[in-house]
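Shared chain: chain A. Partners: chain B in the first complex, chain C in the second.
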Partner chain A sequence: MNGPLRTARDFLVSLKLTVVLLALGLILVFAATLDQVNLGIWGIQEKWFRTFVVVQPMGAGGTSVPIFPGGYAIGGLLLLNLIASHFYRFAFTWRKAGIQFTHLGVILLLIGELLSGLWQEDYRMQLHEGETKNFSEHHLNNELAIIDTTNPAHDEVVAIPEEIIARKEAIQHAKLPFRIVIKEYFPNSDLAMRDAGSTRPPQATMGIGMSVAATSQPLTYKQNERNMPAASVELVGTSGSIGTWLVSTSFSPHSRAPFLQAPQAFTHEGRTYRIALRWTRSYKPFSFQLLKVTHDVYPGTDTPKNFSSRLLLKTPDGREDREVLIYMNNPLRYGGYTFYQHQMDSAQGMTGLQAVKNPSWLLPYVACTMMTFGLLWQFMIHLAGFIERRRAAAAANP
Partner chain B sequence: MSPRVPFALAAAMLLGACSKPEITTYRAPKDPEPAAKAGAPHAHAGAAPAAAPAAPATGGTMAATPVATASGPGLAWSAPASWTVKPASSMRRGSYTIKGDGGEADMSITAFPGDVGGDLANVNRWRGQIGLAPIAPGELAATVQRLERNGLKMGAVDLGGATGPNPQRTLAAIVPHGGSSWFFKLTGPDALVAKEKAAFMAFLDTIKPTAP
Partner chain C sequence: MKKIAPLLALLLVALYVGSTLRAPKNSAEFDTVGFGKLPVLLNGRFKPMDTVARSSLLQLQGRQTVTRADGTKLQPTEWLLDVSFRSERADAYQTFEITHPELLALFDLKIEDGAGKKRFSYNQLSPKFGELDRQAKLARAVESAARTTFQSAVVQLYGNLIHYQRLRHALTAPGRADFLGDLLRLQENAEKWRIAVKAKLDKQPHDEAAANAAMELGERFADMANISGPYLVVPPAPGADPTDWKPVGAALLETFRSGRVDSTALAYAGFARTWRNEEPTRFNELLRLYRADLEKRFPDRLGKSDAETRFNAAQPFYTCSILYGLAFFLALASWLAWPAPLQRAAFWITGLAWLLATGGILTRMWLEGRPPVTNLYSSALFVGWGAVLLCLILEKFFRNAIASVAAGAIGCCTLIIAHHLSLSGDTLEMMQAVLDTNFWLATHVVIVTAGYSATFLAGFLAIIYVARGLLTTSLDKATADSLGRMTYGILCFATLFSFVGTVLGGIWADQSWGRFWGWDPKENGALMIVIWNALILHARWGGMVKTRGIMVLAIAGNIITAWSWFGTNMLGVGLHSYGFKDAAAFWLITFVGSQLLLILIGLIPLEKWRSFRRSAAPTPAGKPVLASR
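Our next item is the complex of A and B:
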């Protein structure tokens, strides 16, 4: 092994590196916890953990300055350090098997967290009694959906992630006979009725944006709030502008104001479309119909005892057509998803389910089992040795 | 295990962590009709069913989409004889023109479910419309005159002081009633609206709930 490779290997298998990384990890967790006051749980995950470098806006201009290695950097190096040390330093013996098993558990735990970060899908499904849905909606992400509704049997959807909208660049897609021009974009917005006397031009020439105005709002990171982005979107066909629409996630069936619930539709070249900025959808090969929500309280009090949702689970092929009950601490696992009872408004007959898909959900359990087994094994080895020594000492000194 | 495995794993991690957002296309089943919308949350029960616009199932532009106004308990008023009634629009409960030396002022009466963002948001929106800077939450109390007329609580504002070649002024009152917010708003040339203030305040005295 030549010089640089040897240096790299020595660096990777170094115990000093382990200690430094663990210390950095402690600081990272501490700093991120403090920052949770500003950014909330989702914000700090993105800023501190699911990144290689933590950047902080500094100065009046808000220039992003790297301030600390991120979770991916520290966790990734720790993972490499553990694996490299494992294969370089440790030789398998039954006496050390427990330590090796514990380390393997830690490695699996790190990999599990990485895979969860990359693969986990966390969606929500809101249903009112009697309503049927075959899709869930992302709890953070949004998309601009252009939906061709011409075919009476199904819709053709072009879904553009909000990150692309935020670039405010013209978007051309092979499935769309027009270009999408983002004229305005607000990551979080508030809506107000436009007054007839307003001197400001409307943000739209078509649809509800002619009556409603969106204004930019500071981003929210509170756990019980959601950013409601809005955009002014012009569609330009081959013969010129088709129109400009104001779209916002506030214009949705979730809206409390009835007039914001109507979809915005238009026709172009004989086809009918809808345009909407909406919570990112994930369609399922099955549907739920909410039959009944139940909110039990302890007798004589308002203290919640139980929230439960009785649903009809159906698949198009008819294989599933059964009632299921989801209640607190009793999720439904189906189709690779776990549906938890998440929200409830029994007065309005509404339930909110959390739909989580995490192909690596078993890894933390396996990792913890391995670590428990490894530590137990090591403890038992030492205990057996200790008992053996005591017996030997007792035999030597009767 | 080959010693290259950790590095391959690291490379996979790096690649996996750098996924880019992409446009997706897919065929989706039609959204089910919102059959249960009667049970959906609304600002207040009285306003929703009558106000909900029919969703255009196919085609057509949204230009004519009606905007729902509050349809709960109503308010009645008596406008001064000098105010000229204008044709009401889908959004307006009442609409008047006031003509004077300085031009023409517009009086609108609208009602929407809920608090429509609250007093501060509405006041700042109106200020923005006539070129005034927004006020801070602490300044709201000094800006809004609290009144009570015919059992109705009102918040009245007089927004003036705009500069420019054609300074505008707004007199407005927010009247929460039956889970909705009613807006009485007079906007126009500064001098004309200032002259009309006494009539506007007298007009507020006439606002009262309609008989159930």
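Our next item is the complex of A and C:
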């Protein structure tokens, strides 16, 4: 092996690198924890962990400056360091088995965290008592949905992710006989009734937007708030503009105000459509009907003791038709998803379930079992050695 | 003598501990201890009146005893009896702690006006309630994290006054000279008064005097029910839902429907009359009858109430903190003179204190029906308990008093921390829904807390190393070596426990929220402890640090553990942001500052350390200690 290669190998397998990476990791975790006050728990994951370089906007100009290696860089190097030294130093002995097992576990854990960062999808499912749903909604992402409802048997949906809307370019979709032109877009917005004497032209020529105006709001990162984007969308057919609609995730069945709950519909060339900006949906091959919500409190207090939701789980083929109960610390795993009790408004008979799809959910369990065994093994060997030495020392000088 | 002295010390201390465990005695003819055992359902938990009195006093003034103007002392239950039944007397007791000078200025008070220069009476504060109310409204509009110290003090005092008002209204209507007389008159005329009120409301001819009497009482009852809502004192009727206890006011309002005054309300009105008229014999007789009635229906409830009252009176953790302090000084002294007997005495006293703490923690677990750690307060108890246990094991092997010094210091400090955490109210509070799982509390929480214990212990052993090595000549090679081995062993233990605990937390999170790891501040704090311990071990294995380096790194571990334990709760974000007091921020910063200073001191070149200066000089070839630097 020649010089530079050997240097590279020595660097990769060195314990010094491990220690430096651990120190960097510690600083990364600490800084990201502090930043949660500003960015919330989702924001910091993107900024600090799911990136190679942490970039910080500086000053009023907003120029972004790299300030620290990101989670991918530190975690990735740590992974390389671990794997490399494992191969380089590997020689099985019972004394070292614990250490090796533990480090294999760490490797698995790092891979598991990487995979869940890439694969995990978080959805919410809000249900009112009696309501049936076969989809859940993404907890952060939104989509512009144009739904062809002409056929009473089924709807045909074209859903455009919010990232594309944000580019404010014209969108042409093969299934739609019109172009979509984004005239305005606010990543977070507030709604107000439009002033009759307002000099600003309305943001829409059709639908709710004729009487309601959306204004831009700063993005929120709070854990119990959600950004409510809005867009002014013009649909342009072959013979000119069909109309402009104001769409917002605030117009939805979730809205408190009844007039915001009605869908915005229109007809074009004999077909009926609905248009809506909504929380990104993920349809499931099964449905839930909410039968009953229960909210227990400790006697004489408002302190919640338990939340539970009784649901009817059904599949279209009729193979599943049973009642399930989801409550705190007791999720339901079904169809690759795990459904957790997340929120509840028992006065409204509403439950909020969290639906998580994480194909790699088992990895941390395997990793942890390996590491626990490894550490215990090592601890026992040390303990035994220590006691043995004490005994020998005691025998030598009684 | 050398053999007997430690035994004698142990015996004396055991006698002292025994004396604290005796059943509490009444300080006068009134059976106030018996009254303190009566159960009340408050914040979801059945507790004795004694606990209500003690935790109220801790919340209002940071201590459990009340000193009257004439210098005599009141037991907590006696104070509660005065608040409930003779509020005109209690209103003059100086039981509201105010330390913020601007808040005092708001009341036109000077620190000299207060008992101990910080405690003031209800009467001293009442002229300015209007202004306090206005200030509280202003302060409450501000998010708690953004409040100034003045605003926080206003909100706290306002809350304390509400707490006091609740107590005043919980058992009888304050300001009525003879509440029992009122109730008996109501009992006699219930039907007549009810008809009069109904007629008056229907604008029919009616007996005006009867209607007014009834409505006046009704208003008092409604006040009681509204103000003292959380104090559920009246047990349910036989056969009803056993948790459906009611406030006295609500039970009294029922009279207008049922025509029968509730017997519990009558009993408490009877206590009020006999307490006011200073008739101990009648008070005690009434208490005996009332209790006998409860005993028939709720024997278990009363059993736990009695035990808790006894536990409160014994204050085992207070005794423990004294014993730990004593052990600390004995062990410290053993390095200067009389090593063997003092070391043994310190070890035994630590052991006794640890047994007492174990008993205290077990009692709390039994009372609550929970694993040992359920909130910040109990985590402080448990961190101390775990660290002292490790110290006892170390001391058993090494017999050099080092672990006893560490045990004394950590045991005492954690109990002082626990005391300050207990000032925010009942320490056996109920768990929020997501935490309501004994399995995860017993595994994840206990193991993570044990990890805190061990990391703190390693840090403290390191402080002993630095202090003894730098300031004294007592750190000879053998001592330095054994300190090194002790610290390394504890660090391994800390790594194991903090790691397993963190992982179990991840599994709990996966079970409850669908994610193994969510980057929640408390999770990150635990992860930081794991990373730090792993870093120290790897640095040692890689030969990057020797004994002194490990010690300096272990002191830094104290900072990281303190951050994880308390700092993360102060961010006010995430799932674990429960229980936090503003004052804690000051102490956390002070602690971190002190540890940084110790790290700097630890980095002073070894040639300047007193212990090594001497031992290195005469044996230049061997350099026994410097070699293991």
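To be clear about the criterion, the second predicted complex is superposed on the first by the 372 of 398 C-alpha atoms of A that agree within 3 Å, B and C clash if a C-alpha of one lies under 4 Å from a C-alpha of the other, contacts with A are read in each partner's own complex, and residues count from 1 in each chain.
Keep this in mind: a residue touches a chain if its C-beta (ideal position, glycine included) is under 8 Å from a C-beta of that chain, and two chains touch if they have at least 3 such contacts.
Note that the structure is a prediction, hence the values are computed from the model and not measured.
> Which of the two partners, first being chain B and second being chain C, lies in contact with A:158: first, second, both, or neither?
In the superposition, A:158 touches chain B alone.
> State whether A:211 touches chain B only (first), chain C only (second), both chains, or neither.
first
> Decide which partner touches more residues of chain A, taking chain B and chain C as the two options.
Counting residues of chain A touched by each partner, the higher count goes to B.
> On the A-aligned overlay, A:30 touches which partner chain: chain B = first, chain C = second, or both, or neither?
Only chain C is touched by A:30; chain B is not.
> Determine, under the contact definition given at the top, whether A:63 touches first (chain B), second (chain C), both, or neither.
neither
> Between chain B (first) and chain C (second), which does A:371 come into contact with in this model arrangement: first, second, both, or neither?
Touch status of A:371: second partner only.
> Looking at the overlay, what does A:345 touch: chain B (first), chain C (second), both, or neither?
Only chain B is touched by A:345; chain C is not.
> Touching chain B in the complex: which residues of chain A?
12, 50, 52, 72, 76, 79-80, 83-84, 87, 114, 117-118, 128-135, 147, 149-150, 152-161, 163-164, 171, 173, 175, 190-193, 195-200, 206-208, 210-213, 215, 243, 245, 253, 256-259, 261-267, 272, 281, 283, 345, 348-350
> Using the touch definition up top, name the residues of chain B that touch chain A in the complex.
Within the complex, chain B touches chain A at residues 1, 3, 5-6, 9-10, 13, 16-17, 19, 21-32, 34-37, 39-43, 47-48, 51-56, 58-63, 65-68, 89, 91-92, 106, 108, 110, 112-114, 116-117, 121-122, 125-126, 128-130, 168, 185, 187-188.
> Flag every residue of chain A that touches chain C in the complex, lowest number first.
It is residues 14-16, 18-19, 22-23, 25-26, 29-30, 32-34, 36-37, 40-41, 44-45, 49, 112-113, 116, 120, 122, 223, 297-301, 303-307, 328-331, 338, 340, 342, 354-356, 358, 361, 364-365, 368, 371-372, 375-376, 379, 382, 386, 390 of chain A that touch chain C.
> Sort out for me which residues of chain C touch chain A in the complex.
Against chain A, chain C makes touches at 41-45, 230, 232, 243-245, 397, 430, 432-434, 436-437, 440, 489, 492-493, 495-496, 499-500, 503, 506-508, 510-521, 524-525, 527-528, 531-532, 534-535, 538-539, 541-542, 544, 560, 563, 568, 571-574.
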